[in-house]
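For reference, the structures are reproduced in the following blocks.
Here come two complexes built around subunit A, the first alongside subunit B, the second alongside subunit C.
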Partner chain A sequence: MITQIPRRPWTQRWHVKPIAWTILIVVLLVTSSHMTGVDVAMFFTNFGQFTDLLMRMSQPAWDYLPVIIRPLYETIQMAILGTTIGAALAIPFSVLAASNLVHNRWLRGGIRLVLDLVRTLPDLLLAAIFVAIFGIGSTAGVVTLAIFSFGMVSKLFYEVIETIDMGPLEALESAGANQLTIIWYAVLPQILNQFVSYFLYTLEINVRASTVLGYLGAGGIGVFLQRSLNEFNYSQTAVIILATLVVVMVIDGVSNHLRRVLL
Partner chain B sequence: MEATPIISFKHVNKIYENGTVGLKDINFDIPRGEFLVVVGLSGAGKSTLLRTINRMHEITSGEIRIEDEPIDQYKGRALRLLRRKIGMIFQNFNLVKRSSVAKNVLSGRVSYYPTWKSILGLFSAVDRQKAVQSLQRVSLAEKFYARADELSGGQQQRVAIARTLMQDPKIILADEPIASLDPLTTKTVMDILKRLNQEDGITVIVNLHSVALAREYADRIVGLRAGEVVYDQQIADVTETDLNRVYQTV
Partner chain C sequence: MQTTISKKPLTMTFWHRWRWLLWLVVVAVIYLWAVTGLHFTGLQGSAAAVSRSIVHGLVQPDWSYVYNGSGEDLVSLILQTLAIAFLGTFISALISVPFAFWAARSQHDWRHVRSGSGKVVLTLIRTFPEIVLAIMFIKAVGPGSYAGVLAVSIHSIGMLGKLFSEAIENMDRGADEAVVSAGGNGAQVFVLATLPTILPEFISYTLYRFEIAVRSASILGMVGAGGIGTPMIFAIQTRNWPRVGIILLGIVLMVLLIDSLSEQLRKRLI
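Take a look at the complex of A and B:
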């Protein structure tokens, strides 16, 4: 029988570690805001301009709605196309990048390097490049979204694959199945619902991203957003933002429903 | 009775990369149609021994022959064909829980099909019928379309046995098949294994913790301690005191 619990060392008793971490983080935050010249006070002094903008946007020009339905529709189509292409490409890459499936460190490292590279390219840069290649229009937008989703989805996918139960893989292997069959029968069923869920999440991000891509001439609702902002026609901007919000909310609702059903 | 044994270990050693001895000079034969139970403490090398038979684990030296063929050179397709005739049952059932019972059972048959056919699920009517029959043998045909995670542990293990039957195995390896089951389902699962052994003549090798179960079902008991065979007796010659020696720590 132990009658006395062991004494804690003094570092634990005085919580040295958590306190040190907190101080370090605060110091880092303060110095980085100092070095980059971020003026927090400016946020409050110029707050008036923000409310002014909000006031002007508070009267949405509802008659503008019929005009933006088509481009909004086009935006959704672009997002669906781009996300689907990107996610489909991501599946083989994520399988090859998963450490529990590919034991060859060089192959896995190579694939991950490619994925890191793709993720490093900002979507705006990609859009600018593809507008230059394909000309103004939604082709550039779709290709941009496909590559952007590919980079993001592959990482999410291989992290999901790394958490699966390896038991069924062992069973299939012991039954004499080859690698591809093992992946099809033992890996895919385990990750499918999370794939769908990440796919929908990416789709939602892409709908929002494609509004910005329109700025660079990559098609969709963004073209109209840019036009209304250039003309200082904030009541039209408000309609576009609200319509986009509705689309994002619908996608969110659908993805929540699907996730519940699929789980 | 000098028929060739179905499995034969000759001076089999296994040393892990970190220097741990997994198996030490294993030497014994398993005749066709035997119900062999391997007993021993956790970490004695039971699972390792079982997995060397279907090359899920590699050995360091020595030779394992199956149906008088050395298996250490098998690669690719030849290795898959070896594994096809050796069924395996696991402690955790290892079913794909989100798939249907039917799909799990049929997945035991994939090694008989080219990859594209298994991926598209193009199983022949004969094999679909076979899947139903396999489930009937474990008395679970009514669960054909159920999802695997809707079943209890004992039922899942029976589905796993049905999946193994789809391979038309000559040998069944069972690694602690009842370790996560209650006493009643334990009996069901062990009875099924015994029946497959007796009716189909499948050679069955089971790893068990329980000496009582081993004595009830085995034709022969092999005891492992620290990777060495320290006990090997036909069931008629097994005595309680001898068997307890296997579990002595030193």
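Take a look at the complex of A and C:
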């Protein structure tokens, strides 16, 4: 039995941890603002230029709209193809990375390491490299989106596979089915809906990503975005951004609706 | 004995049976549109040679670039990238709090005009491309990492505000009600009950967003907003593949390190 009030340890009484965290964050803030050359006063003295830019963007040149319809379609087409190729590639990898299907630790670890490495690369960086390989055009965009969605989808997919009910698998196994039959009849029906849902989610992200890929020459609406920005034609930039916004919102809405129906 | 089946379930069955065909046609049409609409440029003649030199550059990176004390080397620029992401995320987290309370739907609210308008504003911010934001800030404060910080801090509001507002909507209101029933006023409820309840989730989401900000800070340099992206795009444009190799290696290591660090911290928080 405890007869006296427990005493708080020294570190708690003097709030060592919160103080240390605060000092660390303040030091990090000061060093990073020093490194990035943050100058609050400059922001406000130059704020006029920024508002001027916004003013020019607030008068969209609507007659530019017919010009950008085709690249907008191209952007969506790039996203659809890229996501499909990426997801198709991701399926075998996600099966191999799932801990309940593959019991070989080294194979699984190796595959996961590759997937982790692919996921670290930002989309625009991939685009810059693939434009160098495939040349300027939508092929580079499709390949970029395929690699980018491959990394993301395979992680989502193997996490889904790891949550499945192992009962049907064991039933088929005990009936003497081979690996392929097990995957087709026991694994696939359990994961199909979630796969499609994640596929649509990735498509949403890719539609957003593909609108800027063209900035580096990888096709789609981004090419026009870069052109209008380089020509300081901000009223055209505004039209492009607004049109992109509408497309992204429509795709998001359709995809969200379908995902709600699926799950 | 014969049982009769009413007509209605039968037609339902028909629809259920053949629904997949409709979906198949829809999906086929979409893919047909996507494949025929895209103009495939095909492989360039130099594609194989370029790929080979990329792989060669990746295998034999330019190690001398790692650190040379000029301030333009890999280590200093990676640190600058992290600084952009850290500062941008910190500022954005502070700005996101009022936005989150604006967009959060509370139980007492019958009309959702406030919450709805807040959600629309956050969606608009989220959809505005970060690259364009960076270019706009470059016009305002000149090229460099300061523009990157501003771009990250504004763009992140869209996602952080959404995540924060969802945290507020799902929070446990017990502590709020306890302070109210003890006679606390609005400010006291906020400081003593609301804030301590949601703070761990806010910090966790901020760390998650920091992971994303590190990735975007490393590409913002491609348009001139500071960080590792600037030498990266120069190296790609001048076909300096050993340099590209070492920068890629640096980015991959940085992202892996930050991701695992942030994951550790988040695991301890919640």
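By definition in this document, the second predicted complex is superposed on the first by the 210 of 263 C-alpha atoms of A that agree within 3 Å, B and C clash if a C-alpha of one lies under 4 Å from a C-alpha of the other, contacts with A are read in each partner's own complex, and residues count from 1 in each chain.
We take it that a residue touches a chain if its C-beta (ideal position, glycine included) is under 8 Å from a C-beta of that chain, and two chains touch if they have at least 3 such contacts.
What you are looking at is a predicted structure, and each value in this text was computed from that prediction instead of being measured.
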(request) Please indicate which partner A:Ser138 is in contact with in the superposed arrangement: first for subunit B, second for subunit C, both, or neither. (result) second
(message) In the overlaid three-chain picture, which partner chain does A:Thr75 touch, first (subunit B) or second (subunit C), both, or neither?
(response) neither
(message) Just checking: does A:Leu180 make contact with subunit B only, subunit C only, both, or neither of them? Give me first, second, both or neither.
(response) first
(request) Kindly classify A:Leu192 by the partners it touches after superposition: subunit B alone (first), subunit C alone (second), both, or neither? (result) first
(message) Let me test your reading of the model: by the given contact rule, A:Ser94 touches which partner, first (subunit B), second (subunit C), both or neither?
(response) neither
(request) Between subunit B and subunit C, point out the one touching more subunit A residues. (result) C
(message) Looking at the complex, which residues from subunit A come into contact with subunit C?
(response) 25, 28-29, 31-33, 35-39, 42-43, 46-47, 49-50, 53-54, 73-74, 76-78, 80-81, 84, 116-117, 120-125, 128-129, 132-139, 142, 208, 211-212, 215-216, 225, 229, 237, 241, 244-245, 248-249
(request) State the interface residues of subunit C toward subunit A in the complex, per the touch definition above. (result) 30-31, 33-35, 37-44, 47, 50-51, 54, 79-80, 82-84, 86-87, 90, 123-124, 127-132, 135-137, 139-141, 144-146, 148-150, 215-216, 218-219, 222-223, 226, 229, 232-233, 236, 239, 244, 248, 251-252, 255-256, 259
(request) Please give the residue numbers of subunit B that touch subunit A in the complex, ascending. (result) 54, 56, 80-84, 86-88, 90, 92-99, 103, 107-108, 110-111, 115, 118-119, 160, 163-164, 167, 173
(request) Using the touch rule from the top, collect the residues of subunit A that touch subunit B in their complex. (result) 165, 167-168, 170-178, 180-181, 184-186, 189-190, 192-193
